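Notes to accompany the following structure.
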């Protein structure tokens, strides 16, 4: 994660929630009153973001806040476990609470769902990755959560990876060959060329044109197995399209190298974390 | 919605997804190739964001994109319905696709869930509202979706509403009286004072201090009914805490004026919308 | 006050005044020369902004500047009193001087005028408030000064309060009823509905529609008294329009609850404060 | 004026006043309702800012607003004169009203005061200038107003002019010679060197060191006359310090070339302009 | 190139050069005076940036400027050729001149040097690429110029490519194996792994660990030839380090696939282009 | 240099090079591994930027980086000399390396070329200055480098100096008199008026109109000598136009007061500095 981007995002989130000032807290509390709060897990979860995210929220708000404890990224915890502990001016703890919780509940939700997927493919050599279906404005953080849980990231955005999709191919007159040739001649050699396919003829055309990564999009298990056999190690094979906790193991057993899963970021439910006040 | 904030946010989301340029599209397509695409509902949903959000994504990207059709905010549609149609340079349509979909899938998801809650309380006079449990960076848009579906918004942030919560009261030495007095003397007269209560004694203390809105937090249905009877129209009554589709009607029947529901924004699943290419 | 907004504003003000560098100071002074300066009141005034505003100017400019003394917000001082004392690199003290003085002279001017108004209504229970007639870009600071002097703030901006004005009503076909009904159904329940009235018929229409705050705009004293009698506690009553130090007490004696005063922020003369150099 | 800076400032002012949206107007008006408004002078004044400032407020808010009429910068008008006329969506006219008025009332106030000073020195060849005592964040606009009224601008900020003040000299060990020599050797040759003096000995030291502009700070009329005689055209002579409408002509008659006047920007009262609604 | 980044950069460059306004032009010219100007090549060069860069400078400054002619990216021109022609308000043409020229002189310089390198390797299948040794703040534009001249881009920045350099390896205890293994397990599968080597032993270690791209850094021609033989198509081979117009062909003939050349961006001299005024 | 501008620029440069994170370094190194690096001169040069520029790069990246040594601005060093030494987290040293080197190699290149020009005019009283032909986005830093090497700066931008060029004069109907009169009446008295001339008739017209600085643009040595004789101390004389190391002394000997040299900033080659790793 880039520190400058992280801090700028959190500063913006805090302004969104605090506006021109917290009129309740400012009215009630003297600036020098001290307090202590803990984030407590209200359900089992995989933790992410205490150290780099929640801590940054409070440090940006007030240098006088002390970070007492943070649970490590990727740790699995049970209900009741203390994930984060802070001490400092009451006003600052109360003002940062909502933004910090909104962030870590979402990130831990993603990490927890990612871990559930990983558990499904335990013992298999397949790699699970995220997609670009992230919450606008939160891509860096959400991809960080996926990685912290043990999966890996797909390309970050349109500038750092090549994925020739059905629409690209359509607009080229349905020739994978032309699209790949054009891409190969213009993009950096540091980037692999990936092509999305929907049937075996396209897989064959990819092989004929030395595509580096072949995406099998929404294929049946049978077709995927045929594709893996056809490719036979000559390209990386990535399965994609509506992958769920129920289908992921079967897909993995088809022999693909990678499975990309959109719901890791667009459908992970927030987990329940509360901030409890220590008198 | 504020136009300046909306445009600045969408510009930032586009930069997040496009980076320094779309290397795939730039390599494959001539700048002057034209195309046409439609957003299609893949499941029944309540629509929001075609006109102000999706259209802004493409207009900011390229003035040459033409918005051909947008379904109105709040409309309920079935699977297969065309929600949005655009025409213009292929390169721009492809570059805006992911950001536009990521946004409207989320917003329509919120609107659809909100409508489901509203259906549960049909015929009752209760008002349903959102909370501050929104996605960081997306509060304006998410609250817009809640409202478009027919519910109303709670306060926007810490600067435009007073909500004295348990932690505020705790830090005052457990006196609602003191907290309310301090708030009343310092905040604008245009703002109502709301206090969170967990038991009837606190409700009574609120009434003794002319609190404008009394929040009943995580109370049983019985206690809520008692509270409503006790308050007897002397304050607005808001129920809150873990409200679900299953519990919302019973809560409404207890006689409260409002019910605030965090999951409208923190747990609404994205709905499925795809962009189809028109040759 | 929100710390992020405050710091961003002061940073912008410093860039406005320093440009790409202070060519005079850079040419004359070695970077390590130390000095000490004091802000001195050149006339009696109510002080505001030493601690949060002037101190922030110098701390942002140079961490090595030490804030030696700051007079508390709201204190009334006489000519000659030292309001603020700083020590540190000469270059930084000289570069921050003008921005700090431009800010605090204006804020103390507002606080001093506000205190003069408050003195006029001494012994009466009326509340004095500011308006949205603030200097563009300085609203947060100017409203802070009004509050520090002992008055209260009106709504902050168009998003956190409802004030239905003559022009709004006109465009609705002169029906207060319709405008109020529309507003009530769409704005958060945390916000009171205020309506501007110019005659008693409108006051009655407000009462008929349960308006929370009735503004009496530019009414004569007699009409205001009639309105107060008519309203009889059923709504908050706010007087507004060309209020001066000479008229404010009479208006307050009419029985209104609040008086909003535009000149607090748009016409308060700057007070005279100088920065003296301590050899 | 720089267009980019102007637009960025006005955008910021609009966000300050509109927040996340105008909840009153959004609730009451349909987006397509059209209206027409005029700015009317409520007192005699010198006009500035209709064309570049007020028009920009509304154009940035909404491209559909049409600017029907703008009075030219520098024109003197009487009570009742229409200064500005716009037509377009009611919602946009109402949302821009306050920011536009807050700006032009202030700028016209500065222009009107500047014109009053110019009238006092009519027939004399003296030049009147502003200072750096401007409202933080509004320097470009306020200096524009001074110039539009017929006076000229002093240096813009610390980076584009050299003014060696008493504090600078003090910190150099009270040698004007050293300070001037250091400045001359390091600043661009395109910039004149100005020195602030408080007594005739300092004026002589300036002359001995070929200072380009000698500021006579807070001197008596007699001392100023002596200084002018002593300088005898060898440098530009600028009078400064507490200049008022009453004293400015006498100061001008002392023979100085320029008079700089802080109150043009820090103490000009806002003039009264209202926006009237055209049904 | 990303339009949002391009426009934001050019806006910043214009503010840098115009400051708070062009005091010379504003003083001399009426706003409505029209003119016409042409950019003329003062030496032979490869052109880049007329359409996307120079045109954007003037369009951002003033919508009323008309772009009459732009020479296409990549075209080779002779002395005297007209590269760009604009017409519109004199004030805007003069204000944009310096920024536009400063940009295109630099970009055409890079394109011209790139073309000179390409000419040296004519007939060979080697690919020439740039590096990260670009001017801070101008990377997107400079890499665009390299590509427009016919070479290709290396990775854009630290987030979109993996290059394990000598310092990385050193800090891992001199084991390429460990560094590659760590990278492979954590970075997206869409990215190739590149390793910098200085001797043949390291080349062999790369081959043993299936490195995708092997950089031969500052090797002699003989060693490079040995490395190419050793690698034998099992990885892409990139030569790097102090490559000049004199050495590039010999290096290419060693059989490497790519040559990366820092001086394309850090040492290309600006070419001479002037803006001539058409009366 | 302005600290706020400097820090904002360097932050932007770091984001340009780091993107959303350094995927190589993050994969390979533990966050707590410490290291030490030195910048070493690979050729003789005049140093600039170690203290204010390179140090700021690393301090902004990571507060834990310690600046061990910085060579002073303006010092001349030989090959092999250590210019800068830092210690701290390996990850931060590696992430800042490229941006810091890209900046200081360019700035030292400018300083070295500036010093070479100064050496050519040794013993003469002429002043050498830069121009506005700087790299877009780097003007403050590049002008700083010119000054650190011992030359002086010309005006910074269009807002802080008046230079009436051939195109300005042309558009006025070829009357220097009119252009000068207009400028004099509108620009601050703190600014000198400079006019560009191409022949002696224009020089005479400048003298007739009391121009402060006369630029002799691209004149022959003979014409320049005539011009100097004609001007005879009545204005500052600045030579300009294609000045090189070979021609600068002859031009200086013509008697001009100043010589402005565009290539100092637009054509100075980067010098060679490497970052060596200390195990």
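By written order: A, B, C, D, E and F. Residues from 1 in each chain.
By our rule, a contact is a pair of C-beta atoms (placed from the backbone, for glycine too) under 8 Å apart; a residue touches a chain by one contact, two chains touch by 3 or more.
A quick note: this is a predicted structure, and the numbers were derived from the prediction, not measured.
Annotation of chain B and chain D: jointly contacted by C, E, touch as defined at the top.
Counting steps between touching chains, the shortest path from chain C to chain E takes 2.
In the contact between chain B and chain C, the residue numbers used by both copies make up over half of all numbers at that interface. The most distant chain from chain B, with centres taken as the mean of CA atoms, is F. In terms of their C-alpha centroids, the spacing between chain B and chain F amounts to 52 Å. Centre-to-centre separation of chain A and chain C, using mean CA positions: 45 Å. With centres set at the average Cα position, the gap from chain A to chain E is 32 Å.
Counting partner chains per residue, chain E shows two or more touched chains at residues 2, 18-21, 139, 156, 159-163, 185-188, 191. Arrangement of the chains shown, judged by which pairs touch: an irregular graph that fits none of the line, ring, star or complete shapes.
All chain pairs that count as touching, in label order, are A-B, A-C, A-E, A-F, B-C, B-D, B-E, C-D, C-F, D-E, D-F, E-F.
By the touch criterion stated above, chain A contacts chain B in their complex at residues 9, 12-13, 16-29, 33, 35, 90, 94-95, 97-99, 102-103, 105-106, 132-139, 156-164, 166-168, 170-172, 179, 182-183, 185-188, 191, 266-267, 269-270, 275, 277, 279.
Across the interface of their complex, chain A is touched by residues 1-5, 139-140, 156, 160 of chain C. Every residue of chain E that touches chain D in the complex is listed here, in rising order: 11, 14-15, 18-21, 61-62. Contact residues on chain E toward chain A in their complex (touch as defined above): 2, 127, 129, 147, 152-156, 159-163, 185-192, 194, 213, 236, 238, 257-258.
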